[in-house]
Structures are given as C-alpha cells and as structure tokens.
Amino acid sequence: MASVEMIEEEAATGRVKEVYEDIKESLGIDFVPNMYKTMARNPAYLEASWNKIRAVMNQTGKLDDLTKAIIALTVSTMNGCAYCINVYTDAVGKYGLDDDGLTEVAAVSDVFNGLNKFNTGLDVEMDEKPWYGCGGTGG
Amino acid sequence: MASVEMIEEEAATGRVKEVYEDIKESLGIDFVPNMYKTMARNPAYLEASWNKIRAVMNQTGKLDDLTKAIIALTVSTMNGCAYCINVYTDAVGKYGLDDDGLTEVAAVSDVFNGLNKFNTGLDVEMDEKPWYGCGGTGG
Amino acid sequence: MASVEMIEEEAATGRVKEVYEDIKESLGIDFVPNMYKTMARNPAYLEASWNKIRAVMNQTGKLDDLTKAIIALTVSTMNGCAYCINVYTDAVGKYGLDDDGLTEVAAVSDVFNGLNKFNTGLDVEMDEKPWYGCGGTGG
Amino acid sequence: MASVEMIEEEAATGRVKEVYEDIKESLGIDFVPNMYKTMARNPAYLEASWNKIRAVMNQTGKLDDLTKAIIALTVSTMNGCAYCINVYTDAVGKYGLDDDGLTEVAAVSDVFNGLNKFNTGLDVEMDEKPWYGCGGTGG
Amino acid sequence: MASVEMIEEEAATGRVKEVYEDIKESLGIDFVPNMYKTMARNPAYLEASWNKIRAVMNQTGKLDDLTKAIIALTVSTMNGCAYCINVYTDAVGKYGLDDDGLTEVAAVSDVFNGLNKFNTGLDVEMDEKPWYGCGGTGG
Amino acid sequence: MASVEMIEEEAATGRVKEVYEDIKESLGIDFVPNMYKTMARNPAYLEASWNKIRAVMNQTGKLDDLTKAIIALTVSTMNGCAYCINVYTDAVGKYGLDDDGLTEVAAVSDVFNGLNKFNTGLDVEMDEKPWYGCGGTGG
C-alpha cells in the first residue's frame, strides 16, 4: 500500500494543476502517473523535479533518447526499483529495443556487476596505463 | 594494497599464457590489466570470464560499442567500483563521448537514482497503464 | 514464503520467553513481531540484538525519537527492505510526521541519491574548504 | 582524478555565471564547490539541479535543517559517496550536532542496516498489525 | 510480469538445445529454470554464462559446495534479488544447513552490515596493525 | 580524516575501559581497533555492539569460524567498506584461506552479482519447482 495519499487530478489546483497538464501533454498520455501525484503533496518539489527531468531528458545533447532510457533502466535495476524498471522496460521498447536488445542490456549489466565486485573484494589496484574497457565490435 | 598476489606475465604458462596473449591482442594493448592477472590465480575462472566478456562485448547485437560502455560505466558507478569507473571513463572517451557527454550520462543517472529512491521510500504503486518514461527529444 | 520457521509465542521458553515479554511490554504491543520470532531460532542472538536495539533507540541522547525513526526509514529505503519500510512508515507517523512530512523525507532522499551518484560517477574531487551542505531555511 | 574538466568561475558566463553567484550568496561561501563546477558543463542541468536543491532544502516544511542534513548524511553513507559524506559531516556540525550526535546517527544506521539484511535474507513476512518501530525514549 | 519472452524448451534448437540438456543433466532436474530460458534469447551469452557458472561452481577448489552456496545466498541478499534468494535458500538446505544454520548466516550478515555502515559513515581510519576480525570459537 | 574524535585507551574509564580490556583479551591483540574506539563515544552502544558481536561470532553453532569470516568479507565487499574488507581479508587468511581461496570467494561473488542483476533487470519469474542452485562438486 502506498505510504502517502496522492493528489488526484480532480483535486489539483494552481501550480500542481499546471504541472499535471504539462506532464500529460509533454508525455502524450491521458493520465498523471502515480509518481507525480505523490510528489504533488509538495508542489514546489513537484515543479522543480519536473523541470529537472525535462532539462535532462528533453534537451538535445550527446545522447539519443534510447541511450538515456537504457541508462534509466540500468540505474533502476541497480536500485531494485520495480516501479521504474517497469516504466523504463516499456520506454526502451517504445524507442525501438526489442526483447533481444533488452536481454543484451541485462547481459552487459551481468558482466560488469560481476567484475565490479571481484575488483572491490580483492582490492585490485588501478593499472598504470589506460586500457579502454573489455573490447568491442568496432561497431 | 591488493589482497592477492597476481600472476605476472612472465610467470604465466599454459592456458593462462594463452588467455593473456588473446587479451592483449583483442584489446590492442601491450600489457595484461591487473584484473586479469588477479583472476589468473584460478585459470579455469580466468578463461571462462574472458570468454563470457567476449561473448557479451564482442558480438554484433542490438547495442553499439558506446552504448555498452555507457552501461558498463553506469553499473560501475552504482557499485562504486573506482577501478572500473576509471577504465570505462577512458572507454567511453575512446568510443567518442566527450566531457559534455560524460556529464550527460551522470545527469541522467542523477535523475533516476533520485526518483528510484522516492518511489521505493513511499512505496508508490504501479500505474495501470504504461507511460514510457519521462520524455525525450524525439531524437 | 519465509525461509525459516519462527518460534511462536506459545512455544517460547526460558530466555526467549523473557525477551518476548520484554519486547511486548517495551513496545506496548500485544504480539511479538515476526522479525523477533525469526531471530529466536538463535536465542543468544535474539537477546543480544534486542539489547543493542534498546541501547540505541531507548537511551536519551542527542537525537529525538522522530529523528531516529527518520534515519531508520531512510536506511530501510536505501536497502529496499519492504518489511522495515512498512514498520518505520508507521513509526514516523506515530511520532508526528504526516503525509507531507513523509513526502519531504523522500524528497531530500531523492536529491542526495542523485547528487551522490553524479559525484561518484564523475569522481568529483573534494573541495579544499568546507561548504556545509546545500543550504537551509535557518530553521 | 576528476573525469571531466570543470567550468571555473572566471570562465563562467550567462546563466552559469548567474547560478554561480546565487550559489555563493545563498550558501554564504566565497567559492563555487566542485560539484556545481562539474554540473556546469551542462548549463540547463546545473540550473535545474540548483533550483530543485533549493526547492527541497530551502523551503520551510515539516523538517528542520538539521534533520534534512542528517537524511543527506545517511543517504550519502548508504551510497558510500565520500564527497557528500564529507560535506554533510561538516553540515550537521554547523547545525549543532557534536561528535556524540554523529556517533548516534551512525549507531542508528548500524542497527537498521543489520536488521534490514536479516529480514531480506530470511524473507521475513510482514506482520498483520503495525508495531511502530523498535521503541523510543518518549522524547 | 517477466520483461522478455523466454525460449521454451520445445522451441530450443542448436547450441541452446545442447546447453539446456547439459543444464538439466548437470543439475539433476527435469526442467530448465527461467533464468536460463531468458538468457537463451542470446545463445552466445547463455553458453558463456553457463560455462562460467560451471567453471566456478563445479571445480574442486578451496571451498566446499555449502560454503559457495552460502556466498551465493549472501550476495543475493545484499542485492535484494528475490529469485536468487529463493533458489539459494533451497540450495543451502540441500547442502545440509537447517533453519538454525540459515538464521546464523543472517545473523552474521546483520552484524557486518551494521558495522560496515558505521565505519563508512564516520570514515573510521584503518588500523596500523591487523586484528583478524571480531573473534571466533576456535572451531 | 575520521569524522569524530576517538576515545583513546588511556582516556577510557568505567564500562568503556572494561570493554576495551575484554576486546583485547578476547581477540588476542595488544591494541583497541579504531572501530571500537569510535563506538566508545557512546558507551552503552559500544557495550551492546560488542556483546552482539560476541553472541554471533563466538558461539558454537552451525558455521565454523572460516565460514563466518567469509560471510563477513562478502558482506563488506558488497557494501564497499574498505576498512572491513581489510580486516576480514586478514581474518580469512588467519583461518586458513590462501590467495587461491580468496580468489575463489571473489569468483563466486562475481558470478552471483551478475546473475542477480540479470534476474532483477528482466524481472525473471520464480520457477514453480526448486532447483537447488547452479551445481556443485559433490564435495
């Protein structure tokens, strides 16, 4: 059971109502997700969070939408946040990654989670020269 | 100080020596990284780890080399593994991401780490309909 | 399904029974929580855990009960422990924090989880002078 | 070594320069911390992050400044972020917590980290009735 | 709901089919676990993962089967992975650990999770001399 | 730099002094480790922590000393606590595990950290029947 009572759309007024409208229009959905309805208990926080999300996710930078969604999915997996894993599994699908691609993301995560803990556990010392990771395809 | 004594290149024989040669050739470097020289205390483990790393990183799949390196960097950041953060910061640079791109990866990570813990802490319930993440640029 | 069979109240004898009575009396409840009934498989561990919990939570120190409960809730959120999140969401409510306060705790957690990972991912170096955090209200 | 080159104060222009001035004035310090100088590689992100930090930390809500700083320190400890542990150890001191108080924060964290993992490892089932935490002092 | 469609046994061909047969024979079970059926979307990854698992778990080394299973359970608890906690709770039982033993594993985990965070939070400095842990029974 | 000033041995009195003596005698060392000298700022906490540590580590139960030390090392690795990794690397050595054994502990940790995150990321569903882990040697 959710810990706090959400501010439902019909109860929203003022800045909360405006942010709700902006969320629905920006994301192209006809409802306000529970995450935002929970944040809305603190209107200044809701607004600042939404603005930060947009500044990071909606600006044209070095990363395309799929890559950002993959980072979001990876972070959410690391934190074990079922809510965000669910949302971003849908998101990477929308941006074109199929089941094979999702499995590949999880495979890369598998490899490096393992290596990270090996290195931490045995306190492996940094190399004196860079080695640019565990290889690629040239692609 | 590293916890275990590594198998140095000049001491490597048999399968360990072969894997060391393959690592240097595949990665295009003239030394064996400490991580592999530590794994080499257990030759079967070294060989199986290297084969898995190659199966995941060197096959042509749905993700390009930069995207895989970004996942590796994100996972390593989540685990706080300084060794791998260092290696994969160099790697994403090699694959073309500059300082602005690195900052963008960290910014996306910032956003979702925050949201993950908000949702976990307040036990926010899953929405009944998918909403495909927090928006993008269309790019 | 729980992994181990708990020691139910009617089966408790000796030191376990005494600790059970103390737990109920100290916490003002008419049942022994599952956590303690699981610990009871190892009576010495149950007793030492309960004594440590009391030493930390029941002594008059620098922190009031609400602050300690907020720390407990924050730690439990970080670990993703649904059992303890649930217990300490109730606890902070008992100590006077309403839904707006709970949202505020989650908002502060959101901010610093994000900043932590930004700093770790980019290996931001410590400043030479202290700066005492990201500001306050003077309150 | 930091991963990306920071935007130093003398190189800041436009919105970055304005945010830098606001940070120094708001926090009452005569330098811009490295965290913000790193964020500044992405001006929109810097500005949105600073606005969110202020919305959460500078508004008068249910939690006082010390309590928010304790949450920040606890979160940073959980993430093992040395940079933020350092900043918020100084911050809780500024807000009045002495060495005994810092030890008390760490003691509460000790207790619940332990209990969290006990409950997760043995999959302890939620109790049917609330029990409001492990007790307090009435203070 | 699982994120990707698994490769069911009757749909497996070529290397996937061979690995499936090897898994069932090696583990002495009459079905392929969901973890492997999910990995099978990427046959090279499935095969390399299975080979690494066998290299680590099936070789005769310094650790017996129960000790390895206890490490697996401890790691899974730390990551909060319900799937693996479940599998390895069964596994340690198969290797002879009863409910009292499981509780003991969780008790040791409780102690060190607590101490870890105490030391990290207060940045306790390493001692100049080794002290070989918190004591034992001589057994 | 450590966050709080420790209670040095020559400054210890009363219960703190008694616990210090007990620690040195029980562990067979001629100094009090920094962890305990930090805890000593809160004497009731020091005493209760030491009693819990002894109840868990010094009782004869189902696990031998080496197995408990391996759990302690694994937990400390997962938390990235350099202080405890250091202490317990020495401890497992004292209990007989050599460099090959340490590497084996890290290899098992590598495998399951990887698998944990694969299963969490793809939300792999529990199997209907138990399968007792990824195999062993029969030893």
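Just so it is clear, A, B, C, D, E and F label the chains in written order, and each chain counts residues from 1 on its own.
To be clear about the criterion, contacts are C-beta pairs under 8 Å (C-beta built on N, C-alpha and C of every residue); 3 or more make two chains touch, one makes a residue touch a chain.
As the structure is a prediction and not an experimental result, all values here were calculated from the model.
The chains that touch chain B as well as chain F are A, C, D, E.
Here the chain-to-chain distance from chain B to chain D, counted in touching steps, is 1. With centres computed as the average of Cα coordinates, no chain lies farther from chain A than F. Overlaying the C-alpha trace of chain B on that of chain E calls for a turn of 180°, given as a multiple of 5. Interface repeat of B-F: among B-E, D-E or B-D, the matching pair is B-D, sharing over half of the residue-numbered contact pairs. Of all chains, the one whose mean C-alpha position sits at the greatest distance from that of chain B is C. Set against one another, A-B and D-F show the most C-beta pairs in contact at A-B.
Here chain B and chain C face each other with the same set of residues for the most part; over half of the interface numbers are shared between them. Computed from the mean C-alpha positions, the centre of chain A lies at a distance of 21 Å from the centre of chain D.
Each chain gets one centre point, the mean of its Cα atoms, and the points for chain A and chain C are 27 Å apart. Residues of chain F in contact with two or more other chains: 3-4, 38-39, 42, 45, 49, 52, 54, 56, 59, 61, 74-75, 78-82, 85-86, 89, 100, 102-105, 107, 109-111, 113-118, 120-123. Because contacts link each chain to all the remaining chains, their graph is best described as complete. Listed in rising order, the residues of chain C touching chain B in the complex are 73-74, 77-78, 80, 82, 85-86, 89, 102-103, 105-107, 109-111, 113-118, 120-123.
Chain B makes touch with chain F in their complex at residues 3-5, 38-39, 41-42, 45, 49, 75, 79-81. Across the interface of their complex, chain F is touched by residues 1-4, 26-27, 29, 31, 33-35, 38-39, 49, 52-54, 56-65, 67-72, 74-76, 78-84, 86-88, 90-91, 94-95, 97-98, 100-101, 104-105, 107-127, 129-139 of chain E.
Residues 80, 85, 89, 99-100, 102-104, 107, 110, 117 of chain A touch chain E in their complex.
Chain E contributes residues 42, 44-45, 47-49, 51-52, 54-56, 59, 61 to its touches with chain B in the complex.
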